[in-house]
Structures are given as structure tokens and as C-alpha cells.
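Chain naming follows the written order as A, B, C and D, and within any one chain the residues start at number 1.
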Amino acid sequence: MTQMTYMEALRDGMRQAMLKDPNVYIAGEDVGAFGGCFGQTGSLFEEFGPKRVIDTPITETAIIGSAVGAASAGLRPIVEIMFIDFMGVCMDEILNQAAKMRYMFGGKAKLPIVIRTPCGAGISAAAQHSQSLEAWFAHIPGMKVVMPATPADAKGLLMSAVADDNPVLYIEHKILLGVKGEVPEGEHYVPIGKATVAREGSDVTIITWSAMVQKALAAAETLDKEGVSAEVLDLRTISPLDKEAILKSVEKTGRAIILHEATLTGGVGGEIAAIIADEGFDYLNAPIKRVAAPDCPIPFSPVLEQAWVPNEEKVIAAVKQVV
Amino acid sequence: MEITPNQLIDFYTTMVRIRKFEQKAAEQFAAGKLPGFVHLYVGEEAVATGACANLNENDFITSTHRGHGHLIAKGGKLELMMAELYGKATGYCRGKGGSMHIADVDLGILGANGIVGAGQPISVGAAFACKYKGTNNVAVCFHGDGASNRGTFHEALNMAAVFKCPVVFVCENNMYGISNYQKNHQTVNDIADRAASYGIPGASVDGNDVIAVYEAVNAAVDQARKGGGPSLVECKTWRHRGHFEGDPATYKDPKEQAEWLAKDPIPRLAKKLIEMKAATQADLDAIDAKIDDEIAKAVDFAEKSPWPDVSDLLTDVVA
Amino acid sequence: MTQMTYMEALRDGMRQAMLKDPNVYIAGEDVGAFGGCFGQTGSLFEEFGPKRVIDTPITETAIIGSAVGAASAGLRPIVEIMFIDFMGVCMDEILNQAAKMRYMFGGKAKLPIVIRTPCGAGISAAAQHSQSLEAWFAHIPGMKVVMPATPADAKGLLMSAVADDNPVLYIEHKILLGVKGEVPEGEHYVPIGKATVAREGSDVTIITWSAMVQKALAAAETLDKEGVSAEVLDLRTISPLDKEAILKSVEKTGRAIILHEATLTGGVGGEIAAIIADEGFDYLNAPIKRVAAPDCPIPFSPVLEQAWVPNEEKVIAAVKQVV
Amino acid sequence: MEITPNQLIDFYTTMVRIRKFEQKAAEQFAAGKLPGFVHLYVGEEAVATGACANLNENDFITSTHRGHGHLIAKGGKLELMMAELYGKATGYCRGKGGSMHIADVDLGILGANGIVGAGQPISVGAAFACKYKGTNNVAVCFHGDGASNRGTFHEALNMAAVFKCPVVFVCENNMYGISNYQKNHQTVNDIADRAASYGIPGASVDGNDVIAVYEAVNAAVDQARKGGGPSLVECKTWRHRGHFEGDPATYKDPKEQAEWLAKDPIPRLAKKLIEMKAATQADLDAIDAKIDDEIAKAVDFAEKSPWPDVSDLLTDVVA
């Protein structure tokens, strides 16, 4: 174990994957000597050189499209889209090519592609640089989606994503990049599709992921003092969802709060609520509440942005409605 | 690079194979045996044939919605193709893909594609992989005149040029994107001129002359294999039929259609073969008969094949 | 009232809108003399000429992007994307431009854009020409999404969409294009955001839209014979959802089935279930069931495609689990 | 088309206005007063100034992430801009947009834009509307060298050419897309060469010479107003600062940076004005002082303005 930031951890995950397999390469905008928009690739360019850490033109469509071609020809690309907000310009390559080729071709293609991209609000980057769009990708059969909340998971999910033979969207929250934590050295894999209980509790389950895990934990601390025991489930993987973990926790607590940063309507919270309202219906002692950003674009001004991002108080208020 | 008579006979054989496959597909579609959309390559056979004649099994192609010709020219197996058109379990994609998604990754065929222009960046990636691995292989990207207006064209050619990827963009200019005549969808006459935007060679050739296609693509493939990067080869051609089966193509000028039918690449090559004494009419008839037989076998295979089992619905979504 | 097909009705809606306002125009691929991929624009080109019914190159990105520019400069474009599956190539123009401009600009822009597009399986068009992607658009604040199920609504929602000052995605199901029904003549508006009860019932509510309305009605007929009274709610608008109508019906029946053609995970069904499991929790006598396509790309072969599309039997089976 | 001394003084005034606005923004950003990303236009002032000098209030522009210069040149109000950079309720977007989304639709400013290349098709649509309505107005699309590699560039120029839309694409080639040097992100030297792919005029001019920019765009706007369709004007320039504030721009070659600083468009124009006796140094100093005053007022306005009220969060999502 070493202390490192979430960003160092995900970089270390890339590095380990590259050391292990020469067919792994990184491509994206300013990922080379510049070291990545937020510094994510750091000095990987110096270590692995321009053959394996590749600066592309501003050409997301070709970045993803070429990754599809390279992967079907035997490589294992890690490609970066600088902000998840830019996915709109390469959705076809994800929706209709990467995610569907294996099925359409009758199983005769393998698409081991990792698409790394930062999400999230909190730095006044405004409406086109702050979104959380995981719901789109969770609705694409053939895609996996991971969203680590801790440095250790940032590394472990990165390595699992590279090792996976399917397209995996790896979403790193920009607010977490600087967060420190203990991270295993060398190779480290966190299984895709497995949630983790970030905090045990017995009265209510807060189901969440990515940067919201910290807010859920903070809310749970406060609630604890008021005699409410909240369990916090960090999903880690958004697709496929760890249904068992969700249902198990709700069975225990009888109450579910879903917390995500994405806007409410059409967010992944709906999917989770639907699973619980069907398969966990008999466990429920109270309505399922969702805490999410309101249905509006992300405003620039810090005062408005703060009002937009879900926070501890809103989680606590939701919990209090059900306990 | 001398083209031998035997090569020409191979070209002829491939072109006839494509033609007869397509004619059979038209027939089976009309008979209600082929579900979904079917886009046929009749009239454009010289392009796929001339281009793919420069490739080996480890080279890659990306194809389009009008893909049968490309696949056959790259070595695709008629039985598996026909069975796929039928939607049978024995088809290339086990019935999951259909005409627009046939692929044979082992043969370097990275798929027909239902999204116009989607193959362009994919071909760049395949070529990138060849270069990355140092294999000396190349990729050929087939795409239409209509597709040359998509953003993918621009991004793919730019990326290929910047990274010197061994890829040849073969633009099949059949002068229509569905009903939209080329002069109404772009203001250049020769799409090959667009190569200049990427500092790469661009050639415009008679796409109904298989030898011209072969030679132009040969030069481009050669450059690519030697590390000289990508090229764009425009092949001017004509689709004889509607955009898809069922389209009466009333938007075509009958005079122009007649002119192009007269330029049919297959009789043209047949004439040449006979003139140069590479083959007699009887030789060609024998080839035709052999192909008829292949097609009949493919249809028979498809007809006799079972439907996919519903239990197969959810397999192969992920690896 | 006249009898016409769904396709004739939506065309008549466009025609009325064009007669009414010279700033309304149509642009898309093969919408001119060809009359549209499925014949939707028919003879509008002959009637209104090339200035107002415009064949574009194959250039979806520019089709939507130019509509954004034209709308902000005072026109009211109706643009067509030939299949909803192609939206991946123009999502940025929808997500980050059309839907956000008004908000980002502090309210100082109006974007009256109608994007028409066909969705749906049923004609062996395979994985890239058969999808139902409404969930993506429902997750974009600033967008409205309508999905008519009948000829009258096809016209009425088209006209309301053109009259709306916001970007509206109008999704027409290809299987419905040939369906006939009574349609009001002249101008006809169906309000955006209002569901309709397609069949009254008391034991269970089937919430559905677009081509699935017919299947729900068929299932309800069969169930009726078995003594189960199903109410069928045709949402008509997917965004904004008619929450009141949903809750009102579930209050009455105590049971909810959500039926959609889109793949299950991440579909709009989750959103609806979540609303009910929160605000309608106390009405519920049984788990909320979703009937949707399985999480896989749409297969080509008719036998597989039939197994993929949700059908009457699956609806009946779901209902029987809860009554 | 003779440029009058008065016009040149106007150019000078606008360029100084942009420069000083940007310098103040840099200062306020460093002081922690401006949230979010700020991309400054320092060094490129001649482009926006020369281009927008050809436009009237009813003409349109689309801008970029590096938009302040375009907005000021098109008549944007400094107070409302500065207040927006601060995120104040009185800003152009009531604090909802910030630097990357400032717009003034009434002035034909269809917005800065955080998505590289997104303005390109939007400008085509605005130009289309001008033509549709027969207003004789035009649109100017500002975009960078990096943006010229996006699919939107290709699709926008092709559509504009096909429909003969009155739009001028002004490519600000400052030789970098963030850290990526132009010769590493495309293989053409002159981006103007890409105009040939659309059969439209392409001109490449010294973007630090406001007169050259003015004249090239003038010809293009003139053609557009006369129904002659779109053009591409490439302006070669240089950003003095990092990509965004906070970027030390260590990727730049210091020698090249020094060379370009020596070509600063503002002293260059000042020198010319004095040489041609259109202005004395005192006149220019007076302009500078007047602009200092404007900027001070803008800052003061921003500083004193209230924050948006949280109750405003959900307004204006839909009309």
C-alpha cells in the first residue's frame, strides 16, 4: 500500500497495464508531453514514448472510431475523451460500433477498448464541461461503465477495464482527482460489476457512486449522531449493476435512497429504483427517494452551481422523509 | 507491375461472382426470402475486385451498407453470406447481423456497416494496428460519394495522414447518395481532390475499368506498405439498380442510366479478355457456369439451414 | 375527421404548419422529390418547392447544427434524421447546443426546432436501424420528446412541436406509419406533456407509449376475458412526463406495469418506476413490473427479432405476476 | 474599398479594447475572482477586429471557447461581459454561462462555445436563415486551427457550399490546439487549402495585420452578400499566453514565442498610424486611457453586481 491521489492511482493503473502488455497504448488530446488536461497521463509519455502515448488532433470521432479498428485488429487501446460532455461527437462510434460489433458479427469480434473520461461539476466549468452522462452508456447493451470513488478503486477498476475484452467506459470525477488514499502497489484489480459497502448501517441504504460517495458518508456521519444508521453502498460499476448487493442491503434496511450527481430525470437512479420497486418491493418500508441534480443545465456561477450539485443536506432531508 | 492474363481471369471470375450473387439476392428478395434492407452492388463490381486484388488475408477492409461485393472480393464465403442474408443460424453472423453487418474478422473483413461513413475511422484504427505491430499489412476503406460528406471522412483522413497510417480510402463515386445526385450534395466534381486537404495523394479513376482500379489501388497500397501513409482513390462508377431493393430509382435520368449500362464493367472485361486472347467465349462461359453452381450451392445451403434458436438471443452481447 | 394513416397524418401536420408560417421549413436526407425514406414527406416538395423542402447531403451533424443556427436566427426548422439510430452522429448538437443554449445564454435565445425521426424494430432492419433511444433525450434538460401512438396524435403532436419554442424530438415508430385512424382536419394540436387513457381499467395500469400501446391494448382485451381489468395509459410525451396522469391511474388501480420497446436497463421505464415508487408508494399493492426488450442489440433474423420485441404475452405474464 | 484613417483608428481602438479586457481578465483570474476556465485572446486581436469590421448589427457570428475578442469586436458590452466572467446576476447570461457561453443574440452573437467546432454548422444555419429570409445579411464563423480537424468543419463547409449560404469561415490559425502544434495535428500548412474540397475560395493572410484580415474578409463578405456563397479565410496568428489561464505553455518554443511577440498586432498598427500621420502618440495614448476607463467601469460594474439568486436556478431551461 502507498498513499497516492486518485489521479496518481489511475495513472499507475494505466502504467501497470502498459508494462504488462505491449499492445496497450494511450491516445487522446494532449495526453503526451502535456500530460493530460488535468495531468492524468503525467509522465507516461516520457516513460513509454510517442509510440504508446499518442497525442491526437481534436478528433473525438476518429479517436473512438480508430480505437474500434485497432481493437478489432488486436490492440488494447486506452483512449481519452477530455470531458464526458464531448461524448456527443463520438456517440455513434460507441453506440453502433464498439458496443454492437461483437453481437452483430455473431460473436466473432473482440473489442477490448477502455474509454477514459472525466465527469462532474464543482469547478465552475459550466454546462458543457460538467455533466454526468453515465445513464446514456448504461442504456447501451454491450458497454460496461465504471465510476470509481476512491484512489484504490481508481487503479483497480482501470486495470480491470484494460483486462476486459469489452468496451468499458471509465468515468473519473474531476473533483476526486486530487483525493488521497491507500492504494495497493503493483497489479491491482477491482472486479467490474461488484459494489462495495462503504459504510454499514441498518436503518436506510444510500445507494451512490463516484464523487457522491463522500457526500453520502458525510450525511451518514451526521445522521448517526441523530440516531439514524445509514448504510452507504458504493456501486463502483454502473453497468452491469450489482443487483444482488443493492437488494441485499435494502432487504436489511428496508429503505432506499439513491444519490447521484447526474440530473434527476432519466438518470441511473431510475433504473435502480425500478429494480428495487420490483424485486425488492417486499423489503420496502417506505418510498424510494432519489437525490440528484435538478433538471437543468449546469450553471456557471459558483452560487448557482453549488445549488445545483446534490449535497449532504439534501441527502439528510431525503433520509428524514423515510425513517 | 504487369497484370498477367491469369490475374485478369481472376478479376473476371470475382466480378461475375459478385454480379451473380447480387442478382440472386435481388431475386430472393423479390420472392420475399430476404428480410430487411438489401443494397446491391450490381454495376460496381470492378471497384471491389480491382481494389481487393491488392490485398492478402492479413490485410483489412472496412465496408458499407452496400457490402456484398467488398466481402466477396476479400474472400468472403458465399454460403455463409447467403445464409446470413436469409437470417439463418449458419450465416456469418449466426443470423444476428444480416446484409448490413456481415463480417469475417479472420479474413480481415471488419464488417459491412449500416452507418454511412462509420467504416472510415475504423479502417484508420486497423491500419494503425498494422503499423503499431509492424506487420506490413494495410487497410482499405470502401465508402461512397455520399459518405465523403460525413465528418468521419474528414477526421479519418486527417488522422491517417498525421499518423501516416497504411490505409487506402477507396471512394466509390456512383454519383448518388440514395436519391441525391452528386452535384447536389457536393460542389467538387472529383472527390479525389479532397485528398489535398490532408496532403496525401488523390487519384480519380474509371471505376468500371477493373485494371485502372487495380493499378491505382496498387500504387496506393504499395506506398502504404512502404510506410508512405494513406491515399485516396476515387472510382467513378454507377449502381445499376435502386438504392435498396424496392427503390424504383425514378430519380435517375434514363439516358444517363442507359449510358452507364453500356459501360458495364463485366462485358467490358470479357471483351478485353477475348480480344487479347486470354480467354475464349467458351472459357468465360465455363466460368459463368462454375459461378452459377457456386451461387446455387450457396442458396441451397441457406435454404436448408435452420433458423437461429431463440436461446441464442442473448449470447455474445459481451465477451 | 378523415381516415388517414399515421404517416399521412404527420405529413398533414407538417403541411398545416408550413401553410401557417412561412418560416417553417423541412430539411433532411431524401426528403425532397424522393419523398422521404419511408415516404413521410411525400409530395410536400412538389407543393412547397426546394426552398422549403430541402434535400441535404449525408451530414446529420450539419443538419442539426444548421437547424440550431437557423432557429436562433428566427426560422422554425423541421429537420429529419432518417433513423433514430443515427443520432449518435449529431448528439453534441442536441445535447450541448440546441438543448442548452437558452439556459446558457441566460434566457436570451429561442430554439424552436423539431427533429423528426423514426424508431423501432419489426422490419428486420437489425441493430443499427431499429433502436428506441428516447431515454437519452429524456435525460437532456431543455429537450422535449414526443412519441405518438395514433394517427391523430401523430398530427396533433407534430403541430404542437412546431408551435413550441423549444427543441422537440418527435419520434415516429416505423411500424405505425401505415396504421390508419380518424384524424381531425385543418389545424390540430395535441398538448405536449399530456398523457391519455387509451383504455380505462381498475385492476392494473399499463403505462406505455408509441407502438407498444397497441400491444398493451391487445393484452388488456385478453386479460379482460380472464376477469382482469387493465387500464392503458398512453404517455404520448416522454419528456416532460405527465406525472399526474401516471400517479392518478396507479392510485386507482394500485398496480403498475411499464411497457416499452427500448432495452430494459436505462430505459424510460426506470424513471417512471422511480416516480411511482416515490410519490405513488402508498398506492402500490404489488411490485412494479417492467416489460421491455432484453439488454442486447437488435438481432436481424426475424425469429430472433420477434423474440426481442416485447409482446402481448409478456405483458400478460407481467400482469399476472401482480394481480 | 479604401480603408480610411478613421477606420484604422477604430480598428486600433477595438484591438486595444480587447487587449485590455483580456489583460484585466488575466489579472482578475490570477486574483481568484474569475471562476472556471478562461481562454484569452491576447495576440490575436487583429483577427476578430478586421473580420467584424465588415459586419453590421444584423449580421451573425459564432464564436469559440476563446471568445472575448470576437464578442467585443462585434459590439458586445464590456460591463455585461465582465459581470458574466465573474458569474454575477447582471452578466450577459445572468451568471449561467460564464466565459465560454457569452452570447448576445440581439447583436447577432450566437455565443461563445465550449465545444470545439460546434459553431461551424451553427453559423451555416444562421447564414441559411439570412438567405431564406432574403435579408442580405451574412454570418462569420470563427474557429481555430485545431477545430479545422473536426468533422463539423467538413460538414459545415460542404453544406454551406452546396446551399451557397452567405457565411465566411474565419480560421484563426494560432498554430496550437492546446499543446498540439499545428504540424503535428494536420499535414497541410495552409488551412485555407481545405477550401478546395468545397469548391469555395480560400485565402491565407497574416492574421496579425488587421488590414490584411479586413480586406480578405471584406472580399468574402462581399461575395456572400451578393449571393456568391461561402469562403474560408485563414488568419495566421499566435496566442501570447497559455491555452487557458494557468497553463504555463512550456510546450512553446521560446524563440518562436519571442518572434511572435515581436509581431504583436497592436504596436504594429500603432506604428503604422503614426507613420501615416493618422494619429499622434498622444492620440493613441488618449485612446488607451479611454479604454482603461471603460475596463475599470466594467470591473467596477462586475464587482458591485449581486450574485444570482438561487431561485433563478431553474428558470429559462425551456421557453
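Rule of thumb we're sticking to: contacts are C-beta pairs under 8 Å (C-beta built on N, C-alpha and C of every residue); 3 or more make two chains touch, one makes a residue touch a chain.
This one's a predicted model, so the numbers in the text were calculated from it and none came from an experiment.
Taking the definition of touch as given, a chain qualifies here only if it contacts chain A and chain D alike; those chains are B, C. In terms of their C-alpha centroids, the spacing between chain A and chain C amounts to 30 Å.
Our note on geometry: chain C versus chain D, Cα centroid distance of 40 Å, whole angstroms. Chain B and chain C have Cα centroids lying 36 Å from one another. In whole angstrom, the spacing between the mean C-alpha positions of chain B and chain D is 45.
Counting only residues that touch two or more partner chains, chain D has 93, 95-97, 101, 113-115, 149-152, 155, 158, 162, 184-186, 317. For chain A, the set of residues that touch two or more other chains comprises 56-57, 59, 61, 85-86, 88-89, 92-93, 96, 103-104, 126-128, 141-142, 295-297, 299.
Taken as a graph of touching chains, this assembly is complete, with every chain in contact with every other. Those residues of chain B that touch chain A in the shared complex are 60, 62, 91-97, 101, 103-106, 110-111, 113-115, 118, 120-130, 132-133, 139, 151-152, 155-156, 158-159, 162-163, 315-319.
Of all residues in chain C, those touching chain B in their complex are 29-30, 32-34, 37, 55-59, 61, 85-86, 88-89, 123-129, 294-297, 299-304, 307-308.
Within the complex formed with chain A, the chain D residues making contact are 35-37, 84, 87-89, 93, 95-98, 100-101, 113-117, 146-147, 149-152, 177-180, 184-186, 251, 307-308, 310, 312-314, 317. Chain contact summary for the complex, chain A toward chain B: residues 23, 25, 51, 54, 56-57, 59, 61-62, 64-75, 77, 92-93, 96-97, 101-111, 141-142, 144, 165-166. Of all the residues in chain D, the ones that touch chain B in their complex are 149-155, 158, 161-162, 184-188, 193-194, 196-200.
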